[in-house]
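Two complexes come next, and they have one chain in common, chain A, joined by chain B in the first and chain C in the second.
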Partner chain A sequence: MRKSLSLAVLAVLAGVLLMALAACGSDSNDKSSSNGSSSGNGSEFNAALPASDQKKGGTLTVPSVESFQHLDPGQAYFQLDYMVDYAVHRSLYYYKPDNSETAVPDLADGDPQVSKDGKTVTVKLKKGIKYGTNKNVPGVTGSEVKAADVKYSFERTSKPSVPNGYVSVYFPFEGGPSKGIETPDDHTLVFHLAKPFGATMAKALVMPITMPIPERYAKKFDADTPNRYDTHPDEQAFTGPYMIQSYSAGKSLTLVRNPNWDGATDTRPAYVDKIVWKMGADPTVRDRQVLDGQNMVNGDTLAGPTVKRAATGAKDQISFSPLGNRYVSLNTQKKPFSDVNVRKAVAAVLDRRAMQLARGGALVGDVATHFLPPGLPGFEEAGGMEGPGFDFLKNQSGDLKVAQDYMKKAGYSSGKYNGPQIVMYGDNASPAKDTTLVVQRGLEQLGFKVKFNQVEHSAFYDTCQTVAKVKDKIDVCANPGWLPDFFDPYAMLNAVFNGEAIVPQNNVNMSLFDDKKINAEMDRAAELTGAERAKAWGEIDKQLTEQVASIPWFWDKQANLQAKNVHGVIAKWNAAWDLSWTSIK
Partner chain B sequence: MSTPELLADLEQAEPVPTGGTDAIAARSPLELFWRRMRSDHVAMAALVFIVGLILVAIFAPLVVKLVGAPPPNKQSTAALDPLFGSPTGPSSEHIFGVDQLGRDIFSRVVYGARVSLEVAIISTGLAVIFGTIAGMLAGYYRGWVDTVISRVLDILLAFPILLLGIGLASACSLGNGCLGGAIQPGLRVVILVIAIASFPYIARIVRGQVLSIREKEFIEAAKSLGASDTRIIFRQVLPNLVAPIIVYTTLVLPQNILFEAALSFLGVGVQPPQASWGQMIADAVGVFDTAWWFMFFPGIALVLTVLAFNLVGDGLQDALDPKTGRG
Partner chain C sequence: MLRYIIRRLLWMVVLLFLVSLVTFVIFYLLPSADPAVMRAGRQGSPELIERIRHTLGLDKPWPVQYYEYMKAVVLHFDFGYSYQNNSDVREQITSRLPATISLTLGSVILWLSVGLPIGIISAIRRRSRLDRLAMGGALLAISAPVYWLGLVLLYLFANDIGVIKLFPGAGSYEPLTENPGKWFGSLILPWMALAAAFAAFYARMLRSNLIEAMSEDYIRTARAKGLPEWRVVLGHGVRAAITPIVTVLGLDIGILLGGAILTESVFNVPGVGRLAYDAIQHADLPVIQGTVLFGAFFIIVANLVVDIMYAFLDPRVRYT
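Moving on, here comes the complex of A and B:
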C-alpha cells in the first residue's frame, strides 16, 4: 500500500525517480549490460553513507515539491511522512540508514521473541525513554514511555479518526488489538496472533504504527475527525531526537531538538540542531538551489534533467538508491489475458529497454527480470539480475518472434491477435505516460487494437484498484509500481499477488491474479525465517514470473541531491535522506 | 480614399499585361478582388505557404518518405542517450532531432499539421455555418427571436471556454464517451468545443450586417413583390454577407489553430500516440532546457502557420473591402 501513495508522488512528479545503475555507469552503454551488477553504490556517485567524522550543529533546509500526507504515526504511509516521523518518534525497531536487512532495537530492548507456534511475539521495552512536547503538558511531558502507550497506538486505529490500511494485514491480532496485546508490566508487550504469522509480524515491528502514543494525552485528539494529532503535529508527544516545533500545512515544518531525548538510549547521532522543511517548490528551481546552495538536501523526487546535470557534473552531490519495482498488469480473469500464453507473448514483445530509457535510463533503474528488487531477501534466490531465465523475458528490447510463437500456442494461428479491441488504462503525465506508450506499441505489434484511456495518476489508481471497474472491463493497467512496507519479500509480493488478498476497494492486485497453489505457498512462506524464508520467496517470485502474474520491467532507484557542504546520509529502506544522520560539513 | 482612386492606383502599380483590349472593360467583383489580392505580395506569400502546408498535411506519408525520416510513431531507442534516455538533437538521421521516446520530430511535426489543420478548418466551418444561421435569424426577424438568440450568444461569450473544454474532455474521455456515445473522446470533443467557442463572434458580426441590410431598398422591393422570407434571406441577404464572412473566417481560423494547440497542451484532444503540435510542446516542457529542438520545431510550425493565416486574412480583408485598405 505504501506504494500507491509514494508512487503517486513519484509519478506525478514526472521528474523521475532516478535510479542508478550506478555501478553500471561504465558499461551501461551496452544494451545487454544494464543487467550487470548494480548493487554498487561504491561507484563514482555520492555514497551517502554514515561516517565517523560527521560534525554536530547547523540548520538543514529541505525543500520539497509535495506536501506531507499524514504526520500522525498511526496514519503515516508515505515516503515524506516517514522521513519526518522517524526523526521525531521512536518505533519498536528501526533500520540504521546503511543496513535495511537487519532492524535494530529502538524503543525495544533486544530482539522480538517469537514463540515456536509462531502465534505469540514478545517485546521488551527500554527503560527511561521520555516524552518531549512543545508546551508543557502535565503528566505527559517528561513522563516515561510505557508498554500501554504502544498498545494504544494499535488500538486507536480502530477509530474513524485514525484510518490505517496495513494494521490488519501485518498485525492479525487474536481478537483485535485490545484483546490481542497484553502488557504484563510497563516494559513488556505480548502480541497474540490469530495465525502462525510471528515471523512476518516481527519484521513489521519497524513500521510507524509501533511509535508510542500515550492514551491519557491522545484520547481527546482521537475523539474527533479530522484528528488534531494529525493536522497539528506540533502538539504531538515526541520520543525522537527532534520535535516538530511548528507546522503550516503545505508550506513549512520546523524541527528542533527534543530536550527529553537521551542520546545514550539511541543509536541515532542527530547531528544538526534544526531542520526547516519548505513545501511547494518548483522541482527545477529547487534542484538548482540544492545543487548550488548551502545546507540543503532535496525533500522529494528530482526533475529529470537535474539527474543528467548532476550525474555528469556534480557526481559527489547525487546518490542513487534502489527502492521498488514497476510492472504492467494484465487482467488474468478476462479474455484474452486469462490465457497464460497470451500473457507470455505480451511479456516477450515488450521493449523494456525502451521503457527504461523513457524513465530516465540506467541510472534511475534496472530492467527487471522478476519481481523482487535487488537487495531484498529472495532476490538472488529468484535469479538475481539475470532472472529465472524464461525465454519470454530474455531480450530486454523485446522479441517479436518468441511473442508470435506464444500467440500461436494460445491458438492464434497467424501469431497475431484477432479478437475484439482491448481496454488499457495509464497515466497522462511523463514519465509514466511515456512508458505506457511503449506498452501500447508492443500490444499493437501483436495485432491488439488498444483503446487507451489516459487519466490523472490518482484516477489511474482509483480505477485500477477497484475490482468492479477492472474485472470485466479493463484488460491492461499499464503503470503500477510497488514499494515494500518493510524490508521483506512478504511485503513486496503478498498484497500484490496473493489471490486471497483481493479486496473490492483499494485492491493492489490489479491483475486479479489468483493461483491457489501460489497462494498456499505464500501463506506457508510467511511463517519461515532466515535463509529458508529467502529461498521460499525467491521460489514464489520465479513462479509468479513464469505465470506472468504481471510483467515486471523495472527496478527503480531514486536519485537524491545534497548541497556541497552537506554530508547526506540515505536511509536505504526509505530511499530518502535520514534526517537524524545527515550533517553539515 | 474613395474606391475609384484606389483602383486607379492599382492600375498604375500593376498595369494589365497584354494587349489591353479589355483594359477598360467592366470587371466582375471576383476579378477585382483577385487583382487587389495579387498585388499584396505578403499575403500572396502567406497563401503559398498555406497551400504548401495543406499539401504537406495531405501527403504527409509521402513527404516523410521523401525526406527519409522514419514514420511518426516509430520509437527508436537507438536515438536516445544510452545512459539517461534523454532525446538527442538534430542529426543526419533525424533532421529535427527526436522526442523522449526516440520518435522523429520532423515526422511528428508533419503529421501534426494534419491535426491542426483538420481541427481548425472543421471547427471554423461549423462555427461559420452555425454563426451565419443564428446571426441571420436574429438580425432578420428581430423581436423575440433576436432577444433569445442574442442572450444565448452573450451567455456563450461569457463562458470560460477553456474550462469547458477540459471539463468536457475529462467527462467524455472515460468509457464510451458522453451523450450516449455522440461525443467521443479525442478530436471530436476538441472540434465541438472550438466551434462552440467561436461561433458567437461570427453570429454577432452577421447579425449586425443583416440589421443594416434588411433596411435597404432592394429588400423592401423584394418584400413588396411578395418574396417569401426564405427567399429574401437566401437570395437577397446572404450574397451580401459573403465578404464579411470570408474575412472573418480567415481571422477566426488562426485563432482556432492556437485554441487547438492550447487544448492539446492541456492534454485534451488527440489520442495517443497521434502527434499534435500542442501536445508535443507540452511534452517538451519538462526537458526544455536540455532538449530545445523538442519544443522549437513544433513551436515554430505553429507560429508560422498562424502568422500565414493572419496575413492572408489581412490581405483578404483589404482586397474584399478596399475602404479599409491601407493608404
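Moving on, here comes the complex of A and C:
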C-alpha cells in the first residue's frame, strides 16, 4: 500500500512538472488585463518604421499559419499575397511603408494626370525598368517594361483563367480594358473611363492589377485553367527587387534578389538577400519561435495570448497597426430594423466595451464611434476618436435608458420590443462568437427574442452576403468587418453602404442600406480630391452613423511580431510587414 | 488465399466509391460557403461568380459533377485542382505523402520498440514496482493529448524555443531525399509526441493479453516440456497475445497515413493531415475529397494486410 502510494505521488508530481513546463510555454507570465482604457498603439511599442541605420544582407524567415491564395498579380486579393507581390513586382504607384496617405510613383514617372471631366487618367512610365526571370526566357528576361504590358494586365482579367474581384469596381473603363486603355507610346498609358471616376481610379492605381505582365510571355499561361502563372509563380516575370525562386503550395516559398532590378529607379531599399516563407505553422509555436528566435517575423495573425504576453514583456518586438473596422448589420429593409429609431435603440444598448474585451482588449483595437478607422482620410472630419457625438453611441458600455427612449420613439410604449422573434447570424468560433453573444444579450435586454444561428465563418459570409437569404429572413448579421482595398475612404465606405452597389450575391452591404441622398453624395465625393475629398467622406461617415447604416463597434489594430535581431518595417496600408524594407540588425 | 485477396480488392474499390460519394453528398448537404463566391473575392461581380462557377463545373447538377470527378480519377488518376489556390490535388497529396509516411512509420517503430517490451515485462513481472511504474507512466501518456505533449516537447527540447536545446524544432522538416540527417533530426520530436500514447496503449494491451495467455494450458505444457522461460514467453505467450495488436496496428497505421493532423500541425510537418485540415477550413472540396480517398485507401489496404498477416500468425486462420 505504501509502495503504491509513493508511486502514485511520483506520477502526480511528474504530471504537475510537465504541466508547469507547458504553462511556461503559454502566457503564464501575462499579468496584463485589457480594460479598454488604454490604446495599444502608443509609443511604448515597436514603431516598426524605416530607419537610416538599417543594414543590407542576411536571410529573413517568415513563418505563417495560412497559405497564399494567389500570387498572380491579376488574381491576388489577400494580405499574404500582397506581402509577396509587392516585393517581387512593381505597381504603377505604391505606398511607402510609413505613409499610406500619399502613394509614390513606382513604375510610373510622376503623378497620374486626371482630366477636368474626371473621365481620363494619364500615366507616364519610367524608362529602363526590366524583367527578371528564374530561367532565361528570350525576349522577356532583361527586356524593358512597356505600357502595353500594364494594359495586358487589365485585359487578361476577362479570361476565365484570371478571375479578379475588384477590377470592375475600381476601373470602369469605357468599353472594357481593350478599348478603354490606350498606349500612344511605350511609356504612356491613357485610361478612358465610362463615368467621372478619375479621382478615385487614380488612387486605385496602387493595386496589384497595375503590375506589368508581358503578353508575349504570359499569353500561353493564360490560355489554360488553372493558370501556371498563378500555380507556379516561380515562372513569372518579375520587376521588383526580389524574385520567387521556388514555391510549394501550402508549404514554402523562397525569394531571392532579382538581378535585373535597378535600385536607382526604386525607392525600396531591399535590405535582406533572401526571404524564406514557411507555411502551415501552429500559431502558438510560431509566435514563440519569432519571440525567442533570430531572423524572423510573423507572416499572419498572432495568437491572442502572444499579443498580451509580448505587449507586457517584449514591447520592442511587437507593433500595432490600425486597419479596418467591425460592425453589427441590422436589416434596414425589414421590420423592426427598417425603423431608424429601433436601430438607434440597439446601438445604444450595445455594450461595445464588452465586445472589445471579448475580441482581445484595447491592444487589438479601439471601440469605434463611427465607420472610418483612425488614420484614414475623413476620420478626423467625421469626429476622430470621440466620434460625431450621437447620444446612442455615447456610452461605450451601453445605455439602457437611452435605448428605451428610442424604442418609445419607435412606438414601443414600454420601451421594449414586443413583436415576433428575430433571426440573427454569427460566427461559431471565437473571438467573433464571443462578441456576437454580447450582441444577443443587448437585444434581449430590449425585449427581442433572438433565434441565433451560429455558423462556420465562411458560411456566415456566404449567408449574409446573399440578398435572397437576408432580405426577408435575417434581421441581424452580427460580426462583419471591412478592410480598405487602398487607403481611401471610398474603398472603406462605398461598397459597404452605397445602395447602388447592392448585388444579389457576394453583397457586402449586409444591412441592405440604401439611402438615395447618401448614395448621391458618395458618387459626388468619389470625384473629389485632397481636403475636399476627406471632408466630404467625413460628412458621409457622420450621416451613415446617424442613420445607423450598421452599428460601428471596433477599429482593428493588427499586431505583428519580430525577432530581437530584426528591424521590421510595417506597410501601414496593409498592416503587415513590408518585406522590401525589413532588415536584419 | 489468392481468391480471397482478389475479392477483398474488389470490395476495396466499392468502398472507395461509397466513401467518395458520401463525402460529395455531405459537402452539398451541409451548410458551407459557395466555392465560386469565395474564389471571386469579396467584391467579385455576379458575372465573375458565374464565370468561375462555370469554369469549376459547379453549375452542373451534383450527380454530373460527381460522375465527371470519378471519371477523371479512374481514367487519369486526376483529382482535380484546389478551389482555394488552383494547385493540382494529386501533386499536393503525393508531394506531402513522404512526410506523412515518414512520420507514421518512424513513430510506429518507436511505439512498438517501446510499448511491446514494456508490455511483456509488465506481464511477466506482474504487480512488481517496475510494472506499477510502467503502467502509471502508460496512463499518463494515454491521458496526455498529442497537441499538448507536442508543445511540452518543443518547449523542453527544441533547439530554437526549448529549455534544453537538443533537437530541431517546428518547421524544420526536410525530405529524406534531400538531407537524411536533417530529416531524421527534424522528426525525433514529432515521433516522440505521436508515439507516446500509442506506446502506452500497446503496452497495456499486450500486458493484459499476455497475462491471459500465460495462464493457458499450452503454456503449462510448454513449461512441462522443459522449454526455457524466454521461449515459453516469446514463442508461445507473446505469439498468441499479439494477434489482436496486429489488428489494431493495421488500423492505426492506415489512419495515420491518412494524416496525423495534430502532430503535423504542432511540428509544422507538411503532411497530408495538415492539407486536409486547411482544405476543410476553406471548403475546398477537391482537396477534401482527395485526402479522404487517400485516407480511406490506406485504411482499407491496412485492413487487408492485417487479415493476410493473421494467416501467418495464427495457424487456425485459413482463408478461402
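As a working rule, the second predicted complex is superposed on the first by the 543 of 585 C-alpha atoms of A that agree within 3 Å, B and C clash if a C-alpha of one lies under 4 Å from a C-alpha of the other, contacts with A are read in each partner's own complex, and residues count from 1 in each chain.
Going forward, contacts are C-beta pairs under 8 Å (C-beta built on N, C-alpha and C of every residue); 3 or more make two chains touch, one makes a residue touch a chain.
Because the structure is predicted, anything quoted here is derived from the model rather than measured.
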Touched partner set for A:377, first chain B, second chain C, both or neither: neither
Comparing the two partners chain B and chain C, which touches a greater set of residues in chain A: C
Which superposed partner A:455 touches (first chain B, second chain C, both, neither): both
Touching partner for A:362 - first (chain B), second (chain C), both, neither: first
Partner chain in contact with A:311 - chain B first, chain C second, else both or neither: first
First (chain B), second (chain C), both or neither touched by A:397: first
First (chain B), second (chain C), both or neither touched by A:69: second
First (chain B), second (chain C), both or neither touched by A:434: first
Partner chain in contact with A:354 - chain B first, chain C second, else both or neither: first
Touching partner for A:285 - first (chain B), second (chain C), both, neither: second
Residues of chain A at both interfaces, chain B in one complex, chain C in the other: 14-15, 25, 284, 455
Residues of chain A defined as touching chain B within the complex: 14-15, 25, 28-29, 284, 303-305, 307-309, 311, 351, 353-354, 356-363, 397, 428, 430-431, 433-434, 437-438, 440-441, 452-455
Chain B residues within the chain A interface of the complex: 73, 75, 77, 80-86, 100-102, 173-174, 185, 267, 271-273, 283, 286-287, 289-290
Residue ranges of chain C in contact with chain A within the complex: 31-34, 37-49, 51-52, 54-55, 81-82, 84-88, 92, 95-96, 129, 132-133, 136-137, 139-140, 144, 148, 151-152, 154-156, 160-161, 163, 169-171, 264-268, 270, 274-275, 278, 282-283
Chain C-touching residues of chain A, taken from the complex the two chains share: 3-4, 7-8, 10-11, 14-15, 18, 21-22, 24-25, 63, 67-70, 77, 160-161, 163-166, 168-169, 225-227, 230-231, 248-252, 278, 280-282, 284-286, 288-289, 292-293, 455-456, 458-459, 461-463, 465, 485, 495, 503-506, 508
